[in-house]
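Given below, in the form of structure tokens, are the structures.
What follows is subunit A paired twice: with subunit B in the first complex and subunit C in the second.
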Partner chain A sequence: MTRSIPMTMLLLWAGSAVAGQPSQTPTPAALWKEECAACHMAYPARLLPAESWKAIMAGLKSHFGTDATVDAPAAAAIERFLVANAGMRAVRSTGGPVPLRITTSPWFIREHREVAASTWKRPEIKSPSNCTACHTGAESNNFSDDLSGTSGGRRR
Partner chain B sequence: MTHLIPLALATAALSIGGAVSAAAPREFLSRFENAARSADASFVPTAARGAAFFTAKHATAWSCSSCHTPDPKAQGKHAATGKLIQPLAPAAQPDRLTDPAKVDKWFRRNCSDVLNRECTPREKADVVAWLLSIR
Partner chain C sequence: MSAPLPLRRVFVWDVPVRLGHWLLASAFIGAMLTADSEWLRLTHVRLGLAVVALVLFRVVWGFVGSPYARFREFITGPAAVWRYMRAVFSSTPEHHIGHNPAGGAAIVGLLALGLTTSLTGWLAYQDVGGEWMPELHGASACAMLTLVGIHVAGVILASVRHRENLVGAMVTGWKRASGGRP
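For the complex of A and B:
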């Protein structure tokens, strides 16, 4: 019990140091929403393993063809947040590269095997990464809407 | 030397403004304009040059208008992901050009995507002059 007090103080201190302004320290979740939801939806942390998030955060300068750099303190906080909430599916230690995409994961391909190739390319869908085009609840982390019988398309 | 002091004060005021409250869009124009003037005293921000810069291709497949459209009052769409982007003109979207950290961050990222380098103070002053000229 005694250890928890200094620990809390340390966390508080670290928290205010991150933002440099103790008055309105954004939470790691708020930083994540701010920095990772500008160009696409904020992909839920549970959809990739910790190794993948670390690799993504290390490569923001050249992030899928765009510059997505974040200042160092915010990047550290976001990485801690993603790793703490990462999915349990560990990357198989086959020595291959760490996957950077959700959409190339075996589970993703399996769940979407009924979606026709032509559907992915529809202009309003554009790419499998555009979860919100089909899963209307994606922003609130809900992917279990029933899309069967919609030719893998939009249900509105 | 004398004009360095107001500049330093303005910069200090901006950074304090960023932490405590929002900055006014005009402050960005003075900031970029002053920075450009320190290299070329005759520089005057020009909206038409800003518009031309914004819609032209430079070093990559994208121009600024690839994501923001050529009309600063229109809603844009991210060229890679399709995500909607609110208009850039403060006249159409009041929170534009109010947060120094946000403005610096997006100039850094977007210029790197479009020009493969940072934008110069002249380019930023021209673009901001153009965005502010939209009513």
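For the complex of A and C:
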């Protein structure tokens, strides 16, 4: 009797593992990773406010010069995921359109003020949007200040 | 050993005071632990917002809460704090059912520092105030951590001197009221 309980649970688990795999719809986080990382690093939602993500998702037809259209249900799920996890920094009312670039955010500029202009131009870096060139843990959401794995891009 | 005093149990800390106390302590500890992590920045910001909500609630509760929760019951001024501090080290520590004057002063300080730390943190997160805003936020947090340390040391000292469990009282709400003045 008591032995049958773990056995039943094992069977249930095995059954669900087999049956559940193919029909499972991907989570919003998985969709975000899959679609965004198909072209560039999947930038964490907290790096932009919700307004910016909405504007980006509304303008995927010309996404920084590229058609990055995603099918509608996936786009809706990704937008919900981004908005739910967005940063809480207020968008500065500059009168112009909602800022879309992480790299022109005031906090981004302040955090990278010690990085020399020549460093950005290095062939292995190329652009401030290339997070992983220096933040080796960026893909797994780690942007810590510890850049010991890099060749020391900071201005002395 | 002194003669056993007649024991009377009194209900001192109402639910909002106790819940607010431990939630504030948890939010502060959580915020300290997430302070340096870029990865957990939003968690840190949310804990700071929780601190603001809890402090603002406590300020309102300090006017409309149950008698021992009210500011006028435990805000005493520096002279009473000094007298209490001297008494607590003497052979006849003065006993208070509610907050003692030093505890009352710690509450005022912690509420004020909770607000300034959260406010400077929010401004720093919003890139307002330039280079010195994060510095101010850090200094305010350090001052708060120091006062938390003094508060905890004071609770331990008073518990020993008065032979009562002040931590337990902040959990259950009940305190032992013996002889002495209220």
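Rule of thumb we're sticking to: the second predicted complex is superposed on the first by the 122 of 156 C-alpha atoms of A that agree within 3 Å, B and C clash if a C-alpha of one lies under 4 Å from a C-alpha of the other, contacts with A are read in each partner's own complex, and residues count from 1 in each chain.
The rule is simple: a contact is a pair of C-beta atoms (placed from the backbone, for glycine too) under 8 Å apart; a residue touches a chain by one contact, two chains touch by 3 or more.
All of these numbers come straight from a predicted model, not from anything done at the bench.
Trainee: Using the touch definition from the top, say if A:A30 reaches subunit B (first), subunit C (second), both or neither.
Mentor: After superposing on A, A:A30 lies clear of both subunit B and subunit C.
Trainee: With the two complexes superposed on chain A, say which partner A:A84 touches: subunit B (first), subunit C (second), both, or neither.
Mentor: Neither partner.
Trainee: Which partner does A:N142 contact after superposing on A: first (subunit B), second (subunit C), both, neither?
Mentor: second
Trainee: If you tally the residues of subunit A touched by each partner, is the higher count for subunit B or for subunit C?
Mentor: Looking at subunit A, the partner in contact with more of its residues is B.
Trainee: After lining up the shared chain so the two structures overlap, which partner does A:A58 touch, if you call subunit B first and subunit C second: first, second, both or neither?
Mentor: Touch status of A:A58: no partner.
Trainee: Just to be sure I read the superposition right, which of the two partners does A:S129 touch: subunit B = first, subunit C = second, or both, or neither?
Mentor: first
Trainee: Of the two partner chains, subunit B (first) and subunit C (second), which one does A:R110 touch, if any: first, second, both, or neither?
Mentor: The answer is second: A:R110 touches subunit C but not subunit B.
Trainee: Applying the touch criterion given at the start, work out whether A:D67 contacts subunit B, subunit C, both or neither, answering first, second, both or neither.
Mentor: Touch partner of A:D67: subunit B, not subunit C.
Trainee: Which parts of subunit A are in contact with subunit B and also with subunit C?
Mentor: Looking at subunit A, the two contact sets are disjoint.
Trainee: Residue numbers of subunit A touching subunit B in their complex, please.
Mentor: It is residues 20-21, 38-41, 64-69, 71, 124, 126-127, 129-130, 133 of subunit A that touch subunit B.
Trainee: Help me check something: in the complex, which residues belonging to subunit B touch subunit A?
Mentor: Per the stated touch rule, the residues are 19, 78, 80-83, 105, 108-110, 112-113.
Trainee: Residues of subunit C touching subunit A in their complex?
Mentor: 37-39, 41-42, 45, 125-127
Trainee: Inside the complex, what are the residues of subunit A that reach subunit C?
Mentor: 46, 85, 87-90, 106-107, 110, 141-145
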